[in-house]
Amino acid sequence: MEIGLNHYLIVSGILFSLGMFGILSRKHAVMVLMGLELILNAANINFVAFARYGGMNIDGHIAAIFVIILAAAEAAVALAILLNIYQHFKHVNLDEVNNLKE
Amino acid sequence: MIEFEIMTHEKILLLSLSVLLIPMVSFLVNVFFGRKLGKISGWIGTTILAIDLVIAAVVSYSKLVIYPDIQVIQTKFEWFSLGSSSFNVGYGIDNIAAIMLMVVTVISFLVHLFSTIYMEGDRRFPTFFAYLGLFTFSMMGIVIANNFLVMYIFWELVGISSYLLIGFWYEKNSASNAGKKAFITNRIGDLGFFAGIMILFMTYGSFMFEDVFAGISSGKLPFDNPTMLTIAGICIFMGAMGKSAQWPLHVWLPDAMEGPTPVSALIHAATMVAAGVYLVAKVFVMFTADALTFIAIIGTITAFVSATIAITQTDFKKVLAYSTVSQLGFMVMSLGTGGYTNGFFHLVTHAWFKAALFLAAGSVIHAMHHAMHHLHDHHSDPQDINNMGGLRKSMPWTYFTFLFVTLALAGIPFTSGFLSKDGILANTLAWANLTGGWHWIVPVLAFSAAGMTAFYMFRLTIIAFHGKPKTEIAHHAKENQLPIVLPLVVLSVLTIWFFYSPNPIDATAGWFHHRVVQPETAVPAAYQWDFLISGDEGHTDALHADAGHAVAATQHAEVSAEVTSGSHYQNKLQEEVHHFHYIAMILSLLIAGSGIGLAFLIYQYKVISADKLEARFRKLHTFSLNKWYFDELYEKTVIGGTLLASKGLALFDNYIIDGIVNLSAAINRVAGQVIGIFDNVVIDGAVNLTANLTGYMGGMLKKLQTGRVQSYVVFALLGLLILFFVFI
Amino acid sequence: MDLTTLAFFFFAALTLGFGAVVVLSRNIMHAAFSLLFTFFGVAGLYVLLHADFLAITQIMIYIGGILVLIIFGVMLTTRITGVDVKSGRTGKLQLGLTAALSVALAAVLVKIFLSTLWHIAPAADVDATAELIGNALLTKYLIAFEAASILLLVAIVGAAFIARKK
Amino acid sequence: MDFPILTWITFLPLVGILIVFLIPSGKDEKGQEFSKKMIRWTAVGVTFLQLVLAVLIYMSYNTGLKGVNDVSSFQFVEKVTWIHAQLPMIGDIKIEYFLGLDGLSVPMILLTAIISFLAVFPSFGINKAVKGYFAMYLLLDLGMMGVFVALDFFLFYVFWELMLLPMYFLIGIWGGPRKEYAAIKFFIYTLAGSVFMLLVMIGLYHSTGTFNILEIMNQGNFDPNSIFGGTATTIRYVAFMALFIGFAIKVPVFPFHTWLPDAHVEAPTPISVILAGVLLKMGAYGMMRIAFPIFPDAFAYFQNLIAWIGMISIVYGAYCALGQHKVGQRDFKKLIAYSSVSHMGLVMLGLASMRPESVTGAIFQMFNHGIITAMLFMIVGVIYDRAHTRGLDDFGGLARKMPVYTGIMAVAFFAAIGLPGLSGFISEVLVFLGSFKAYPVLTVISGLSIVLGAAYMLWALQKIFFGTLPEKWQGPWDPTGKKYRGNDVNALELTALLPLAAIVIFLGVYPMPVLKLMTTSVTEFVALIQPFIQ
């Protein structure tokens, strides 16, 4: 059985769904962040897989690298915000951080 | 000696203007510097008046001696103008003004002199002289006015100075009430006066006497209606009724005696109250026959009613006050019956002797006051004649002057009073004879009033001065100082017949009757008594101003054309007066004599008991003592009615008008609430329904809007999936 | 079944298995450490895809950087000693709903992937991609590269600013 | 137009307001409120400048020019397009900043300047929120001036409304115990009037296409097909009545007068002074400037009614004033308020008669009433300051304690009852003489006020000044002796009262200086309207 594009895509699709589930189901902000990381990784797998099989070549890699960069930046900022939320609410339970509602 | 030859008209006018203005100086000086001047202010006022007197004398002399035949020396100038119409004011001197000038300045000067002692020690001494100055100024204005507007202006100013002087002792409520009463009563008269002025101004477009009279004689009538001319005359006369205290507006004058006695002498006896008579004399030519009859009747009623009241009064000044009212009635009656000269003559003679009477009263009261002070008595009434008696001995100067002027008032020969009163009585007889009918009531009442005058004056003299002192106070009363006695003497001297006529029983021989000649009437002959029209002796029938005038007027014209005037009498009336002269004289002497005799019998010799008489005529006595209940009547009707109306209207305003406003506010508020409810329930309900629906749906949707990012993601995802299913 | 295939399934299983642990674990620390293995699995997949540079980068940045950051975040925002370290989940209904959705999503994705006719153009095998990537970054993607570097700078400064003690 | 003097005189208060707002609060070295002093003297300064300008206007005013409806003979004219907008649906809106004076308005300008200046002095007694008070005061001043100089209906309306608001606050904040009631009553009443005015104004704009009052006066400018086109139509009558009521409320005449006693009683002294002195004149002025000349046909139709209203106001006001004797709180201010109704009724009678004498008399009466009533209210303020009561029953015998005050009071009282030699007499005589020609019977009935006026005024005089002093006022007013040296009026009060007394006496003896201002215009005014009267 030759491992092809579809295998990678399926892996990435499932990983994406897992990440999505994490984002949707968890209350803890850090957990949500982790879900997000999963999604980003899923996306990266796609980029690299298409680079390998879809003719994107090095461009796919570059895109993946940018995603990683973004992920890093996002993680840094998100965590900084998290810290602020924590200082404000004394917790990071997203269910109760619903000021956006108003 | 002044060079009278060079007294031009201009100079006379200039001098009379200064006569007017000089008293104002006294007013201003005393008002603004009075407090610093203190006691001297009185002498300053007196000095200023002395100067005024001298100038007035020059003016009078010039007019009466140099220019006696010129009707009036006058001037006018524009006060202000309104485009087309201009309001002129002016002043002028005619013969009666010249005489009046002397009367006012002399009495004013003497009263100033008198007051320097009488008002001594009063806290507002300078103010008193200031007010006297203001009064003299205003009175001068009336005297030299030659037009209605100026007359009205000074008329009011006199009223205000009278108000101030009556209420001079304003701490006393009775005084300030009396002042108020005087002013308001006068204003009622003034309302009529003003209405008359409006009628005349509207018709003739001028305030000047001469323009108005010329307009009337040209046949132009107000509203083209002769009745309106009569009404205009009566309206003007109403002013006189107020000022000269004619019935039914006479009630203020006795109350005005609350003022200081010199004020009573000056204003409420001699000058201001005579202003009404003076006014009637000034505009005499514009009265129609009907208006004159009205005037005569008012005068007669006044003369009679107040004489009956004077009989029973016990207050020294009140007796004199009612006597004044009565005498004013005589003057008005005289003018009303066509006796122009006699009426004005009585004004002048009365001014002297009534001023003297009041000043004598002042002298007595002053003495009584001092005696009370001496005895530390602060409760007795120094003016009650029952507290007096026997003053003849202790106050001889006062007594003799008083006695002499009383004789004048009673109408005893060799006094000026006899001359003038006799003339009036003769005049009424002549008038009644010429007009006939019920008009005879006028001379009857006049004669009885004359009798009563003699009676009550001697009653007063006897009770106050004769017999033994009735109280300790009267015992201690002493004669006063020279400034008080001197005016009495001067005024008494002026009461001697000699000053007016060489013949003690016939005034027509004197200068007065030659200088004061009845002016030719301006009223068209149809509306005037025939006997008042010159050169008309042949036509004796009194003509009533009624519907038949036109015919009568033509007849009259024909008749007068035929008649040749050979008589030396001015008109028919004067001829008639001459016929009645001796009858009137004898009658009046008899009546006056019996009045005096009765007074002596009752009060001096006590032949007839006063108490028994009183008991016998209890009701009459009470009626007279209470002044015919006029005050009560007015209190109940006019004053009460006005106050009731004002109260009613004030309540009406407070509750009804304002109530309506508040009610409409309340209604609006209620309506507002109803609408509010309606708005809330229905309109807002509909709105709210829409809103609620939206809101409900929004609420439902809101549930989706949890504020949780995760839920949003869920929906995004859901949407995405749906899209997938749809498109793929 | 060659080694590459085996390696693929191993890494795929590693990735998905620990990924599942990440999202399902109630203990946040467990999740964080599971994430480490997930990243590691992804790195393995990169290797299998001939993306050596990316694999290294994945390990260095994700594991060395981001994951450490996340763990710090966990430690700073959770009382370590309490049971609170366990992260609560949402309600059962929501859990079910999201699970169903996720499964649906996965199914849809898989279906799409499988049903799509992809353009297949296998790349030439390259020994080292680092040089190529470096060339591309400094030539073709220079602006993006610079922008990314600025973004990172801003993110660092911003994060420091936001997180600083007030 | 070299120097826009009307703009200056109107908007000077605005400068004052700015200065007042910019004055910082603080205390001087003696520890006195520095800012209060500054604010007060700023107001004095500004209103004084206004007075100077008014005197300048007076001196350079050409009495020969008639004004009224002819723009070329208006003086000090300033005309600039203010708002010119092309609006959808409505069309072309052109509002001009159009100021000018003629004989009808010059006396009012003088009056406003005099009263505004002199009423500042009694305002010195106000200690609550001084800054706000004077800002409001100056704004009121601005509004009043503006009403008298505006010749554009819209501008007139703006100024008219501008003056209502500060009045509301001045009564509502600085007033007496029932100030809210009085303020709201005043406001609603006058606002109701304004609404009528607004409606007619819009109607007129539609009919003539202009807000220029002078152009609206020209009956030829009416579009014959518009609502106000033609003459003697019902709609014109209705519009006239609406305008008339709007202005009559302000005058006020029976039966729209009940806001006046309340407003006067509750307002602080200087505001009463302004209210009686100037505001009441605006109603009558509005009639002369707007209602009568724009709808002369309707005026002719309602002439009898207006005369009756005037007569009723005269007698009714006098009776109500006298009735204070019997009912109510016997409040001094209420008495004067009702006397104002009576005196303003005289103005109405004079205007209704439409004769040169009576209209001149009416305007002169407006001027005199302004001066005299201002004086009366200041006089009330003097004793209210000292005794903190205005009840007529609370006093007596003050003549002994305050002789100078009594003297001034007597001048004011006698002027109010129309004593010759004081200005009130001349206007009264002129009105009566003029209206007698048109309405003899009504005039004679109105003459009753001569008697009633004397009755209530002398009654009040007696109550307060004569008789004996009550126990409680035996001592000095102020035991510390600082505020009122002696017991009589102090220098500040004299500063306000003496000029007024001087004016009253001077104009009573020689009225020409004021009469000459208006004769030409009044003649023209009467000639404009008289032809419509059969």
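First chain written, first letter: the chains are A, B, C and D, and each begins at residue 1.
The definition used in the following text is that contacts are C-beta pairs under 8 Å (C-beta built on N, C-alpha and C of every residue); 3 or more make two chains touch, one makes a residue touch a chain.
Quick caveat: nothing in here was measured; it's all calculated off a predicted structure.
Relative to the whole-protein C-alpha centroid, the nearest chain centroid is that of D. A straight line joining the Cα centres of chain B and chain D is 36 Å long.
In terms of their C-alpha centroids, the spacing between chain A and chain C amounts to 6 Å. Separating the centre of chain A from that of chain D, both taken as means of CA atoms, is a distance of 81 Å. Averaging C-alpha coordinates per chain places the centre of chain A 115 Å away from that of chain B.
Among the residues of chain B, those touching two or more other chains are numbered 710, 714, 717. The set of chain C residues that touch two or more partner chains comprises 90, 98, 101, 105. Those residues of chain A in touch with two or more other chains are numbered 20, 24-25, 95. The set of touching chain pairs reads A-B, A-C, B-C, B-D, using the touch definition from the header.
Within the complex formed with chain B, the residues of chain A that make contact are 20, 23-25, 32, 94-95, 98-102. Considering their complex, residues 185, 188, 254-255, 257-259, 316, 319-328, 338, 356-357, 360, 397, 399-400, 407, 414, 419-421, 425-426, 429-430, 432-433, 436-437, 440, 443-444, 447-448, 450-452, 454-455, 458-459, 462, 465-468, 510-512, 515, 519-520, 522-523 of chain D touch chain B.
Residues 705-710, 713-714, 717 of chain B are the ones that touch chain A when the two sit in their complex. Across the interface of their complex, chain C is touched by residues 710, 714, 717-718, 721, 724-725, 728 of chain B.
Contact residues on chain A toward chain C in their complex (touch as defined above): 1-11, 13-22, 24-31, 33-35, 37-38, 41, 44-45, 48-49, 51-55, 57-59, 61-62, 64-66, 68-77, 79-84, 86-87, 91-93, 95.
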